[in-house]
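In the two assemblies presented below, subunit A is common to both, partnered first by subunit B and then by subunit C.
Entry: the complex of A and B
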């Protein structure tokens, strides 16, 4: 049994099908890359899986149990955590306090005491190399640091499944390599991941499998080399300049 | 057209830019690339009057605009397409485009320019009555570029064109900007995606730790070992 099973998931906004009949399995311990043009339904799919949005049809199962209709906090406590494309820190809290919120709320019961939450937050901040910013106001972080704090807050929940929505936007190649290594370490510690990213180098290096959405439908899925050389994926998503570079 | 000479700027005690000089000639498309924290946004803020430079000069067509208010700088002909688009999300696409023209007196030609924007980005015409905030990232970037062009700027500055956009969407935007440039608009692109920046511009500057460390034709920069290793991931 796959860790997460989605079957025929459909989300309509009025007449518009943002996600249409999408089915996929997420195996324990894998990294699934999720790509597709802007507006193809990637974030909507994440919102559906995590309970942030009700959906029109279909079902999502986590460890075999349907999680359709459960509120997001319950799905979070069951062990499904996420980051947001537009980072939303608690601006008037410090970095470590933001992460402690994740630890206190957390999956598998969460931290029972403030001191335990702090210890857990310190450990996670160290893991994402953000310890030096722990006592800073979250407002004072630059964009990539905010993304790492967001990641730390999600990790402090000790998730079984983590959905990352564009954590690499705005990073330079060296920072992308560091982020790829970090995400691999998260997987090695036992977390299964779905990674949405437009940075193809990262998607290629990270993903065990890639799933492509196009106009809300699943266009294809498979191993990275196969998916990224699929002519349909090139014409729907990767584009001319990517193909030129890959060919050069 | 735009001339930056020995510009230094920072926030409080923290100096970010150190003696930065660069030029954008009329009709040229120039790019400034650099990592997070290199000082790119500070430079844009200094050009647009949001941060007051501590030393150096900014000139537009020979007029010294150093220390001018943002409003006066916009009136002088510098328009920025900001990082993260910053559209008015509750307004329609058309209303956003009109906001770009709010300073213009030549009201009779505004409709014609809107039609030109719809021709440049046909999807904006289909979406003209839709709320800007409901569109995808790529469509929002088109609207933000359109809004910037509606001001009929002497120079259009783009901050992080590529942020969060699918590769194929960037192809569309690169083509559109090349067309805008070919039709005579001077463009200055500040960009972290160096491959895209070099596809666009003919002249490039590389900013590191607040200093320009390399500059020249982008064809030459592309083959620089330092640029290859640090920015192109080769």
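Entry: the complex of A and C
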């Protein structure tokens, strides 16, 4: 049995099908890359799976139990954490307090005491190399740091499954390499990941499998090399004319 | 959030000790002033739970105060219960009412929530106005007590309890949950916080304290009517005091109540017309110079024009 099984997940906004009949399995311990052009439904899929948006149809099972219709906080406590594409820091709290919230309320009820939460938060900040900002107000971080803080908050929840929504946007190539290494270390510590990313090099290096969304539908899925050379994928991203000219 | 240190606790304990023995040597005027001050400070601390920590600006907290006042009023003067039984019920009834009303209206945010709470308070006044048991528009008269000391200690006790609860919020899991909701509710929920439950609990807690204060107020003042206990200005006072002192801090509402109650007492004995104007001016000055309140400004010791310019930029006033 796969860790996460999604079957026919559909989300319509009025007449627009943002996500349409998407099914996939997520195996324990793997990294699934989720790509697709802007507006293809990646973030909507994350929002539906994590309970932030209601389903129009379909179902997602986590460890065999349906999580459709459960509120976000329950799904978070069950062990499914996420980051937000548009970061949502707790601005007036310090960085370590932000991360402590994750430790306090995360998987299976979270840390029992503030001091335990602080210890866990320190550990996670060290892991994502943000310790030097621990006592700074979250408002004072730059965008890449905010993304890393979001990652730290999600990790402090000790998730089984982690959904990362474009945590590498705005990073330079060296920072991207560091982020790829970091995400691999998260997986090695036993967390299964879905990674949404536009940086193709990163997604190729990271993913065990890649799933492509296009206009809300699943275009294809498979090993990175195969998916990224698929003519349909190339034309979805770059237009049909480019794909033909490239001889794909 | 407030950092933990022993100094405020020691100072607080000393102040309480002094206050506890004080009324024996105080003039009747000063005693009345202090009872009123404790009342306002307790109301500001109670508002702080929902408005300051949770970030839901309630403009209707006077409803809980009024419900508390009328619970004690009806039990005392109509049903002739002892005050010792009536007062706890004031807190319980106001708390239950806050929880019940909170469940639907806490789904609203920002201005919509503010307007809904304002509506709740206005509606409560009209309901009380039209009920028989509350005496309608003529109000209720309590049995008269000559000795103000019980009220002094009761108000002080409620203020202490409300302050302790605020302090607990600043250093507990529950408080972290509320602050996370204030800062970003979507992120808070994704991180495992049951926002609906937490908000309702905060509103109920806020309501309980306002209800208790209302109960003591009714017996102390001996006469209540709908116009008197459901005044919009009472809610506004709670908000101004909390904002002036520092929302979401423990000592902020205390400081705000102390400064504002003292100044408006001085002004109203000398310049009545200025007293009304004063609250308005204070709000403008606070928003411009120290949007995080007096407590924060004192801690950072920043009262400069540069600070004003930075606030204008940062908060786009």
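Basically, the second predicted complex is superposed on the first by the 237 of 248 C-alpha atoms of A that agree within 3 Å, B and C clash if a C-alpha of one lies under 4 Å from a C-alpha of the other, contacts with A are read in each partner's own complex, and residues count from 1 in each chain.
What we mean here is this: contacts are C-beta pairs under 8 Å (C-beta built on N, C-alpha and C of every residue); 3 or more make two chains touch, one makes a residue touch a chain.
These numbers were taken from a predicted model, which means no experiment stands behind them.
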So, on subunit A, is it clash or fit between subunit B and subunit C?
fit
Considering only touches as defined above, state whether A:169 meets subunit B (first), subunit C (second), both or neither.
first
Applying the document's definition of touch, where does A:69 land relative to subunit B and subunit C: first, second, both, or neither?
neither
Which partner does A:82 reach: the first (subunit B), the second (subunit C), both, or neither?
second
For A:242, select first, second, both or neither according to whether it touches subunit B, subunit C, the two together, or no partner.
first
Partner chain(s) touched by A:93 [first = subunit B, second = subunit C, both, neither]
second
Rounded to the nearest 10, the angle in degrees at the CA centre of subunit A toward subunit B and subunit C equals 90
Would you sort A:29 into first (subunit B), second (subunit C), both or neither based on which partner it touches?
neither
Check whether A:110 is in contact with subunit B, with subunit C, with both or with neither, and answer first, second, both or neither.
second
When the two structures are overlaid on chain A, which partner does A:142 contact: first (subunit B), second (subunit C), both, or neither?
first
To be precise, I mean the smallest distance between any C-alpha of subunit B and any C-alpha of subunit C in the superposed model; what is it in Å?
11
Indicate the residue numbers of subunit A shared between its subunit B interface and its subunit C interface, in ascending order.
none
The subunit B residues in contact with subunit A across the complex are 35-37, 135-139, 160, 163-171, 174, 192, 195-196, 199, 230-233
If you look only at subunit C, which of its residues touch subunit A in the complex?
1, 171-173, 176-177, 179-180, 183-184, 186-195
Considering only the defined contacts, which subunit A positions touch subunit C in the complex?
50, 52, 71-73, 76-77, 81-82, 84, 88-93, 97, 100-102, 104-107, 110, 113-114, 117, 153-154, 157
Looking at the complex, which residues from subunit A come into contact with subunit B?
35-39, 85, 142-144, 166, 169-177, 198, 200-201, 236-242, 245
